[in-house]
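Every chain is named by a letter (A, B, C and D) in the order it is written, and numbering of its residues begins at 1.
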């Protein structure tokens, strides 16, 4: 009989403390971030989709079309090609397509590029109805960045 | 205490639990043959999220398998990275600098706390309590932000490389981790234990439910909190020390009852132990490089290699067979939940539907890790 | 009371409005209360502070198509949700909102309320059985056994109240409790009732929570086990009616508790009795319903039945005995 | 513990265990090592003992392991295409106590890959064997219900075979 009563008493006490805790939480301020109105700031090392780096003055991509990133990528998202440079000393990038639908953001391409030509962008809210919007042309994106920079 | 009840074998009906079911975290289907509300036979059916990671391992080079490791158990992705890095470093004989080992331990333990927090939230959700989920996610968000600062991603990390880690940790991360530990230690007794652990409804709901004996664990190969809840003192960080774990002193919580309450308490204590490890690792963090020298294209010597790592759910084993080429010849991923779930069929017999779900919640299942 | 047509018509419209507004905006209160407990904001986009949210939900539910699963008894399938709504609204006719606001003060109004409450239970049974879905059948069986188990202690505690106030008419019960909170049944000072009345208040409150299938006792529509219980197969307004029925049951439960124990429309200091005090009491009780729901996990079906048969019923019987003894003695 | 297991296992193979082969044997080593027990360095290979046995001895080894208190960690298959052989790896490990991991290997011809099941000794093997059958097509004799576990029931291919073309 005593077990029966003590169980009710301890049970009742635990229920009351439970209510007290949620009551105190009821009056505490809100912790959630109201997304559309308060936009989160991305940390410096955040991995968005990759983009080309251009050297400041000429605005040309640093890429020398060596294809290391194309080979490093586990899911073969990068496809690029270039043509001989007119002045004959290396190649110029003509096409750099990233298929972001297959990219798993592992960072092997950025790591394998030793000409400092690739980095992670910081935009995170990419949404679209059409899959082809995610077949991104990096060169065009670079030109837009250059155009809006000056 | 499942009342010994006489199950009429003929009047049973088959109830499909899943694959779209709120209680199975992911796409697990359990074919339950039921007699009224009692489970006569439970047979998990797998394969709804099977992606054949082992074939991908054979296709790509060693480094290219890192993104896959994080996609298997996305709750404790860093431990999977760590396991894969360990087995290949063992095979190819790559040295890892001291600082990288410490960073690996810190991030793996932080990820373990995040995984246990999410297990706790989802377990309470299975049992009907909705509010604890929000409190647990409030804490887990802090860890995810910390890890995002240094690894760049929030859930599926590809942070480790052979010979070290992708990039170094900075002082803001260290300060943030110390604040997080102080904050969680402050909230743990009130929000986690008073509100939930001592609650009579929860105690009645998971005490003596899903009794798993030590012998059953051994025969089914269950490891991790499921085994430690049944009295087996087996934690790979202690039994087969790897990385720099021998340098930290922490206990392995072991409970002998073997019921869902024991597994629950094991995980709650493990969160506390992980915080202790992180603090000691932060105090002893050495300087130096974070990336040892590793050849660009790895060709490990032919042979059979095995590495075991303690994830939040049990011992994750990588059985690697190399034939000297630049791709793994064969990689078998021994996933802990695959074995933990295999004992569900035997233990769930004669249970009520509600108890079977409480038992499944206490097993802490992550379905992509079972199906691989 | 003259029984002119206008009075009946006026009360009909009044009660339907009260029921409609309450059913819709209780959903809003629940989501806001739950959000605040979980330290988030809850609906705040539709209208000022989300007040238009129930309208939006209602329109959405109405615009959806009500699917009747194939090979199922269509009539019962359609009747079940309506049957869930009827008892909740009709029992409002008997509740005395205040001195002169009360649709009909019947002699045996307490009995009528409990008869209607069991119709709600039949609605769950029909809804569960008629959907032909295995989860719904399990949930129907659970719902019936739970309501049955919790009706008995509820009746026993109501008998103690009727013993004290001497009549089965809710209006008389409320009238005997007028004049200050020390007259309320829960604190009844004369002839020592305060000893037992708070026990019957607690038991009555637990049973009303269990009657409405909510909070720790929501075995009938247990999300994580039975998907959505007896409401699994219901689409648009079928589901809508079940939800409104549930919320109206909460309102009726709160009104009953307020009338029987907390002195109906009486002001705590006996100064300005009126319907607003009655509404304040109801909404405080409704908030505790919400508060309990978002604090506790769900019990298991056998624990729930054990709680009722092994704890609540013995306690309410003992309570009844002591109350009867006290009346005899003093 | 290691010695106890070593002694227990060695008496299973009457002929002398030729420890001539290097720690692990790759595909190119000449003499195929016949049955025997070899101690391998744990630091390098992650397992203490490496046992090669004939397919019919698999159950005997499993019973010894069960008696010694081991648990079955994993069963994996390897497809040696150039030697036209499948290899089944059984990983045994100790739950608690002194740590010792044993790798048991057995080889079956590729054309009719048949291995006796150990699921009656270790129920854990039930699912692992179904998975090996699912990916390689290795038949496990008198397995309780040898059906596919991960791939859809009507799949007619075995993906992890080296000659599998998607």
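One rule holds for everything that comes next: a contact is a pair of C-beta atoms (placed from the backbone, for glycine too) under 8 Å apart; a residue touches a chain by one contact, two chains touch by 3 or more.
Computed from a predicted structure; not experimentally measured.
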For chain A and chain D, chains touching each: B
Chain labels contacting chain B and also chain C: A
Of all other chains, the one whose Cα centre sits farthest from chain C: D
Pair of chains joined by the greatest number of C-beta pairs in contact: B-D
Intercentroid distance (Cα basis), chain D paired with chain C, Å: 64
Separation of chain B from chain D, taking each centre as the mean of its C-alpha atoms, in whole Å: 26
Intercentroid distance (Cα basis), chain C paired with chain A, Å: 50
Contacts with 2+ other chains: residues of chain A: 15, 18, 21-22, 25, 31
Residues of chain C engaged with two or more neighbouring chains: 37-40, 294-296
Interface hub residues of chain B, defined as touching at least two other chains: 131, 135, 138, 195, 199, 201
Complete list of chain pairs which touch one another: A-B, A-C, B-C, B-D
Chain A contact footprint on chain C (complex, rising order): 33, 36-41, 291-292, 294-296, 311
Interface residues, chain C side, partner chain B - complex: 34, 37-40, 134-135, 138, 141-142, 216, 218, 222-225, 227, 294-303
Partner chain C, residues of chain A touching it in the complex: 8, 15, 18-19, 21-23, 25-26, 28-32, 34
Touching residues on chain A, where the partner in the complex is chain B: 7, 10-12, 14-15, 17-18, 21-22, 25, 31, 43, 45-47, 72-75, 104-108, 111, 120
Chain D residues within the chain B interface of the complex: 23-28, 43-47, 50, 69, 71-74, 76-79, 89, 91, 93, 95-96, 99, 101, 103, 105, 122-124, 126-127, 135, 148-152, 159-160
